[in-house]
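Paired with subunit B in one complex and with subunit C in the other, subunit A is shared by the two complexes that follow.
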Partner chain A sequence: MDAITQIKDWINLVSRPEIFLGAATLLFVLILVFYKQLTHPAAAIVVLLASVGGYAASMLDKNFRAIVGKPDNVPITMLLFMTGFFLWLALRQAAVNDTRMERGEPLLEGKPDDKVLVWPDLVYIEFMIACVCTIVLIVWAIAFAAPLEEPANPSIIPNPSKAPWYFLGLQEMLVYFDPWLAGVVYPSLIILGLCAIPYIDVNPKGNGYYTLKERRFAIFTWLFGFLILWVVLIVIGTFFRGPNWNFFGPYEAWDPNKAVAMVNVNLSELFWAIWLHKPMPDNPLLRELPGIVVFLGYLMLIPPLALVVRPVRRLYEKMGFIRYSLMMVLALFMALMVIKPVLRWTVDLKYIISFPEYFFNI
Partner chain B sequence: MPGADFQVVKVWIEPGCIVCDACETACPDVFDVQQETCVVKPGAQYAGISAQILEATTGCPVDVIRFETADGKVATSDGLPGMEEAAPAAVEAGAPAADRPAVPKPRKDVAPDEGVQRMLDSANVTPGRSTRAGEAAGGKPAVARQLTDVRIRDDWPADLKFAVLLARPRQTLVKPEPVPRAIGEQSGMSRRQFNVALATAWGAFAASAAIGLGAIGRFMHKWYVPKKPPRFRAGRMENYPDVNVYEEYKKSEQVWIVHLPDNTLVALSTICTHLGCTPNWLPNDNKFKCPCHGSGYRMTGINFEGPAPRPLPRYKIENLNDVVWVDKSIEFRWEKGDWGKPGSFIQLV
Partner chain C sequence: MGKLGSYIRNSQVWKSIFRHGVPRDRRTRVMAIMSNVFLHLHPVTIRKSGVRLSYTWCMGGLTFFLFLAETITGILLMFYYRPTPEYAFPDIIALRSVITLGLLREIHRWGAHAMIIAIWLHMMRVFLTGSYKPPREFNWVVGVILLVLVMLLSFTGYLLPWDQLAIWAITVGSNMARATPFAGHEGPGSSLLTLGGQPLVHAGSDAKFMLLGGPLVDENALLRFYVLHCVFIPFVVVILISVHFWRVRKDGGISGPL
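Let's turn to the complex of A and B:
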């Protein structure tokens, strides 16, 4: 076994979802902590060259090329690089501004020559961008064939069956949550939560200028939701999900007969049968009592208990009861989007509360 | 105002009125402000209201009101000749009338506006009160127009703002008189033509609506699948000799006929209980696996992996003279304890 194969096998190994998601989260936290060093142009160039080089080298691999080169998946590659670029652009300006603030110098945005007129400057730029976008879309439509398949047939289903790429994050969530939760409650919560941001977060700092130091919590929460819970989930759904919706590493062949042991159990089965060695209670409510206690405790005990931590307490005093409660409930639901998949991957937990009799599962 | 010591015998208005309402406010018995100009009411009685007439005269911003007294004096906005002060009410407290120049100098803290200054010069409008410096009757209408154009600035003294406001012509809305007319009378259209046009328009609308609705109906009809009877004949018993999953009726009826290891024959639904995809039977792994979200079911239909919340339902299955009949209208669900019930399986020997 040569060195390249060994590296590929190792990358396939760390592409297991719990490791990949954990590494992505760790990387995300490190970026926010060391943003001043990492956004230095020299460091950014190194990261860009490394990722482009890694991508180009990976294209030599047959399996990687097959996945990444699919016309459906080309936008994901663009998404990855553009997300990286814009993250760097914003964090770089925040880093410069924060450094200037420490030295007592004026901010980047304070320069008078920074302002331009809407007409003609902005409108002209927008017009040119619109032209370029139109040209790119036309060329794209000609160059890549639309992935149309044969007429729908309920007995022949593509394996794997994937949603459009922008919905793959939601499809990934559907693996871990009941359809009504992942398909109805969570999308509504995301939209309503985004609408609620201006009412929950009334801190005027950061308006009109880039900063990270003054808005650590807000920027962390927002970027976590966007980068980890949206972009990373899309990447997992696009590149790592293969036939039978099994996980595959980026250099792994999509074998439809790959055998994966993923037996999973509900919390009630875990509690009564495995821990207590008792038969499952016949009353569904009693059977699911542990899960109900755990879920309600998660939602109702964590917000008051978190007040023990001093920064949270300061936040509570600043926000007041209603804003704090709203923020905590939204944040806890957001955290559930990570906790539930991790529980599925690590302890094979299917549902915390499961009423198959009433189509109600959490 | 104390009683006047003069008797007004004649009141008239010179050209140049800007319709500002000041005179009518001061003396409504005599002055009547109309749309174009102000007029002296015909037959108005001047007795006993001389003081009001004097107030209106001196208060006129463009100085067009005149009156004559019984002793032959003609009053202008400066008051009657020989009077010390004509209109005490209009005098600024800090600006004695005797010292007041005809055209005031701009205040020091106010930046002089060249346009305003020019306008004031030509109009003889002083802050708070009109004065007459000379005969400039020809410029009066132009003054009114200029005053409309002047924007009142916040840093002006209050009396200047008031003067400009007061001197503005009244905004009047001229409504055109509605002309009543019958249909077809002035439009050059006869009753017959009108009816034809009406029928054509409605006919075109109805025809396009009918075409659209028809297209929708055709579309719906195209996709409408005639309902098959839920009970179907699933071949003879000897078609299912071995323990296996038989997929012959997967496409046509969405049913797997499964010969289970405990020597029973059951009819399993092929619709995933998670979101309704059709799982695949993987003989090597001995399981059903859904390609959409990875739900896995054992050969019996019990869910054991992925997000599927409950097992695949079974349908009623019976053996009539060695022929297998499946009735999809009757479901047997594991979570309800239905799988032991008669009709949910065929016991093989």
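Let's turn to the complex of A and C:
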């Protein structure tokens, strides 16, 4: 085996969701902790060149090209590079502003009474952006034909069947959650949670300028949700999921006959059969009691218990009961999007609570 | 040429359209914004940080521009497209092969994808500058709803080409509705809802049926998604965009340090 094949095999191996998500999360934390050093323009240019180079080199691989070069997946590549660029731009300005505030210097954004006339200053920019956007769209339209497959045929089911790319983070969550959670409850919670942000966040600082130091918790939570739980899951769902929703590395051919062991167990089976060595109780409520206790305990005990920690206590005093409870419930559901996959990877857990007779599985 | 230019600018026709001179000094520049129905969406003056691209990223403006581009190409596409299983696919083929400069569908499709990216990045910018904080809380909520609607616009449009990609993507997506708690026939709790011993929520009456107008992605779903895509959602979006822009002005313009 030559060196390139070895590198590709290694990348295929570390692209497994558990490693990929873990590495992405680690990188995300490092970026937010060392944002002042890592957003230095020299560091940013190195990262840009490395990612463009890696992407271009990967395009030589036919499996990588087949999935990434699909016309409908081109927007994902754009999304990745644009999100990376704008993350850098925001954190760079946050770093500059945070340093300036430490020194007592004025912010990048200037004072409220620094005003300019809309004609010509703003109208000019809007016009230029509209021109550039038009050109980009026309070039894009000439370069890539809009995809069109065989005429619709209800009797031929493609494998894999995928939703449009912007919903693939949710489809990827179907690996770990039932449709009623991944497809209905979580989307509703995401919309509700986003709407609730301005009413939960009582921190008056950081209004109208880039900063990280003054809003660490808010920015960490939101960016984790957007970058890891949305964008990274889209990448996994689109690029790494092939026939039967099995995992395939970026340089791996999609083999529809790939065999994957299915050994997942429910918490009730773990509790009664494996830990207590007893037969499963016939009463479904009793059978699922351990899971119900664990799940309700998770939602109802953590918010009050967290108050022991002093910063949380201070936060509670600022927010009040309703805001705090709402924030904790939303945060716990968000954390469940991480906890459940981790349990799947470590102890093969399928459901915490499972009433298949009512389609009620968590 | 100079003479001709000044003749045109002094003519009754020109003066009836533009009520002010060439915007060269402060007074005429203010007039240029105030006397034009489109430009007067803007304030006359704006914070310096509001015109810096590194601050705004222009992603909100770009989303709006793409909405206009999608509306124009969409209206043109409607001339060629018939939303029935019989004609939809051949009409899409014809768009490429028969129509001169057949880029309409391409621009429309890529513009839709670009719009989704732009609106996500707009939200990221607004979040990272803390622009949802008082007094702009409600406008953030309007923005979240607009973001959801933009994704639904794209989703409903995805079905219209009526190819394998379209119906199966919509099948995967709309299958979620069947798992809605209580309202979907495979959702938790729906089996508890019965009327005289008969299940109230079944494949012929649940949330998925309502979304598609049938148990499967079929001709009713195509018509339903067509109307949602071309009329219903854009109608709501236009109203909410008006509220969104109005509130930007009323809540103090583009955000900046207090």
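Basically, the second predicted complex is superposed on the first by the 330 of 362 C-alpha atoms of A that agree within 3 Å, B and C clash if a C-alpha of one lies under 4 Å from a C-alpha of the other, contacts with A are read in each partner's own complex, and residues count from 1 in each chain.
One rule holds for everything that comes next: a contact is a pair of C-beta atoms (placed from the backbone, for glycine too) under 8 Å apart; a residue touches a chain by one contact, two chains touch by 3 or more.
As the structure is a computational prediction, the values presented were derived from the model and not from experiment.
In the superposed pair of complexes, A:157 makes contact with subunit B and with subunit C alike.
Contacts of A:297 after superposition: neither subunit B nor subunit C is touched. When the shared chain is aligned, subunit C comes close enough to touch A:117, but subunit B does not. Once chain A of one complex is fitted onto chain A of the other, the partner contacts of A:359 extend to both subunit B and subunit C.
By the touch criterion stated above, A:134 is placed in contact with subunit C alone, subunit B being left untouched.
By the touch criterion stated above, A:69 is placed in contact with neither subunit B nor subunit C. In the superposed model, A:176 lies in contact with subunit B only, and not with subunit C. When the shared chain is aligned, no partner comes close enough to touch A:53: not subunit B, not subunit C. Once the two complexes are overlaid on the shared chain, A:311 sits clear of subunit B and of subunit C alike.
Taking subunit A as the reference, the larger set of touched residues comes from C, when subunit B and subunit C are compared. Residues 153-154, 157-158, 161, 171, 178-179, 183, 357, 359, 361 of subunit A are contacted both by subunit B in one complex and by subunit C in the other. Within the complex formed with subunit A, the residues of subunit C that make contact are 23, 26, 29-30, 32-33, 39, 42-55, 57-58, 61-62, 65-66, 69, 85, 89, 92-93, 96, 103, 105-111, 113-114, 116-117, 120-121, 124-125, 127-134, 136-137, 140-141, 144-145, 147-148, 151, 154-155, 158, 161-169, 171-173, 175-181, 184, 186-192, 216-218, 255-258. Against subunit A, the residues of subunit B that register as touching in their complex are 250-251, 254, 270, 274-275, 277-278, 280, 282, 284-285, 289-294, 296, 304-307, 309-310, 335-336.
Put simply, subunit A touches subunit B in their complex at residues 153-155, 157-161, 171, 174-179, 183, 243-246, 257, 259, 262-264, 350-351, 354, 356-357, 359, 361. Residues 72, 74-75, 78-79, 82-83, 86-87, 89-90, 93-94, 107-112, 114-123, 125-126, 129-130, 133-134, 136-138, 140-142, 144-154, 156-158, 161-164, 166-167, 170-171, 178-180, 182-185, 191, 194-195, 197-199, 201, 203-211, 215, 219, 222, 226, 355, 357-361 of subunit A are the ones touching subunit C in the complex.
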